[in-house]
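Right, one structure below, let's go through it.
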Amino acid sequence: MYRIQIQDFEGPLDLLLFFIRRDEIDVHDIPIAHIADEFLGYVRVMEQIDLDGVADFIYMAALLISIKVRMLLPRPEVDDEGEPLDPRRELVERLLEYMRYKEAAQGLAAYHEQRGDLFTRGAASAVHPDAAWEREPEEILNASLFNLIGALRRVLTEADADEPHHAVAAVEYDVATQRAFVLDRLGREGPLTFVALARHRHKGFVIATFLAVLELARQGAVHLARTPDASDFIVAPAEPPASAPGRVNGHVNGTTAS
Amino acid sequence: MSTPSDSNGAAQAEAQQERLEEVMRAVEALIFAADEPVTPAQLGAVWADVAGEAPLPDAQIETAVDRLNDRYATDGRAFRIHRWAGGYRMATTEEVAPYLKVLFQRDRRRRLSRSLLETLAILAYRQPATKPEVDFVRGVDSDYALRKLCEIGLADVVGRSEAVGRPLLFGTTPRVLDAFGLDALSDLPNLREVEGLLNEPAYDQERARLLMLNGLGDPGEGGADAGDPADPEDHA
Amino acid sequence: MSTPSDSNGAAQAEAQQERLEEVMRAVEALIFAADEPVTPAQLGAVWADVAGEAPLPDAQIETAVDRLNDRYATDGRAFRIHRWAGGYRMATTEEVAPYLKVLFQRDRRRRLSRSLLETLAILAYRQPATKPEVDFVRGVDSDYALRKLCEIGLADVVGRSEAVGRPLLFGTTPRVLDAFGLDALSDLPNLREVEGLLNEPAYDQERARLLMLNGLGDPGEGGADAGDPADPEDHA
């Protein structure tokens, strides 16, 4: 199966850095309008599924918008000495500072990894307090959270187009029911893409299904993998039935996971 | 026949060698039995107490440890003595890690999440630091991360800032050194200068890697977006 | 010139020797790192898992352990592998026992038991406090803990309460600040901060309030509290 391991985003600064690197943007000349729009797109999806930490992203979105507005001012702002002020400057400094610590964190991770291979006496007793140490959910997810959000966004956008808002019926969907639904379909059909699972469904259905998939992935009941074109992700049962060896049922534009 | 002075010198050398052997035995036993790094001061004081001599100087302890490690290497021992957290600690070599991981089922042990590592990095380089400072650098609320770090003993409250509201100051604990295999925090590389980071080949590599993931942002039109980062509005 | 069968035999013997060395390394590492006796079955199973072979027979493990002990003796190592409780365990030799006794005696006082820490925490936040008050907050008799804290020099009698029977008042000594690396008692986290740091369901708010009657609840006024000798009953 095509799998790729990419890191989650730690917060709004991390997401901004991602955009900057992906688009080969000069940090000192960030196209704020463009970045702000893309950033907002993510925040809207995050709000809908009520992800933890969304407040930090909303704050950053507001900051981006205010910078965007300030850059549109007919007369540029000036500092005490009359020099023109770049409204982006403070944000850029924060981004650069964050980059330094992000790198330092990677360095620490390397030390930790190395040290983890060296066992001291009585190391066995450390097995129990281990519960206090973090279990990384990312280890289970082979796709990043933003990967998933990207897919969710796509389905939701489609759902919106299909279903005008005034027609939204008050049907409640809950995660437990959707868990059963996901497991049932995977059991019968084998690996499926998320879009195939949730296409043309009610928004509430899509979100509940998405959360159910996240939960199942965290528990190790399903594996997630990116599709090659990154526009969707594949949900596979942890132990795929022999009848569906690695075949993905769904509309993946002809791509098969192998 | 050896002259008296010859045999005298030989006897002296022998006595010295014997003493070094005894120091090595004591140092080895103490480091072996302790469940945390043992400082040179502790080792020297214990020696003084038992031998009824002055405390061993650090240099002699270092010599003994070096000799022990040489012997371990020659004799194929599965452990070495490391200098961690300002003291000495015995640990198995990397080569035998696979066996230990199986016995202790700790392949996935002690992974620290990125949020914990980031927070710890900020504390390690800037300590003492308040929660608002950490929050600002990370751009996210670090309440959980700080709490977790304190809980697992890698961070601690170290005082109060003089700033408005007198927020608590956090710092790293000596346990960090042991957990990361460092003798002192000053062994950490300096924070890199920003220009260095931007010109880093690894940065370009990551950029290339990220480019492959292009389109992630907006599946519908991502490709086009990414290729055209310039936006006329921004330059208005 | 060696005949083919000769060199064959030599190669075989060499391979066997190499295998034994690897078994020794694995066995040594596992026994070293475990904190309880490791059974031959465990050792054999780990080997099987890593080497992808059948589990090691007990006899081979015994051979490996015997060889290791022989080498330890020849090389002057300060420990041996013993067969205890149906498993193998590493322990220091009798010759080095005097060093270890001294180390552990010196070391013992450095760790505070849970009951001492609890009592110390109550004193730190609520001082001066009488023994009945400490007993009440902890829910157990704190006679031993208070005495011990005074003995170690972390607590001291600071006066007598005006209450019936004029019980002794206990407080912490400056050594506490030293031991916890704080500048002043007001640097201790206050109620709200403790709540934030702990954030666990087991956290008993009522108990916490009892503890912090002195008004440490507000960081803004924290400075005045710690040194405030006022009777806690005033605020009750």
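Chains: A, B and C, in written order; residue numbering restarts at 1 for each.
The working rule: contacts are C-beta pairs under 8 Å (C-beta built on N, C-alpha and C of every residue); 3 or more make two chains touch, one makes a residue touch a chain.
Keep in mind it's a predicted model, so treat the numbers as computed, not measured.
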item	value
Per Cα centroids, the chain farthest from chain A	C
Most centrally placed chain, judged by C-alpha centres	B
Geometric centre distance via CA averages, chain C-chain A, whole Å	40
Rounded Å distance, chain A centre to chain B centre (Cα mean)	31
Chain B and chain C, separation of their C-alpha mean positions in angstrom	20
Multi-partner residues of chain C (each touching 2 or more other chains)	29, 32-34, 90
Where chain A touches two or more other chains at once, by residue number	119-124
Interfacial residue positions of chain B with respect to chain C in the complex	21, 24-26, 28-30, 32-34, 38, 42, 45-47, 49-50, 71, 75-79, 90, 92-93, 95-96, 98-100, 102-104, 143, 146-147, 150, 157-160, 165-168
Interface residues, chain A side, partner chain C - complex	119-125
Complex contact set, residues of chain A against chain B	4, 6-8, 10-14, 18-19, 21-25, 27, 30-34, 38, 41-42, 53, 55-56, 60, 68, 71-72, 94, 96-109, 111-112, 114-124, 127, 130, 132-136, 138-139, 146-147, 150-151, 153-154, 157, 229-232
Touching residues on chain B, where the partner in the complex is chain A	32, 35, 82, 89-94, 97, 100, 103-106, 108-118, 120-122, 124-125, 136-141, 148, 151-152, 179-182, 188-189, 191-192, 194, 197-198, 203, 206-207, 210-211, 213-220, 222, 225-226, 229-231, 233-234, 236
Partner chain A, residues of chain C touching it in the complex	29, 32-36, 90
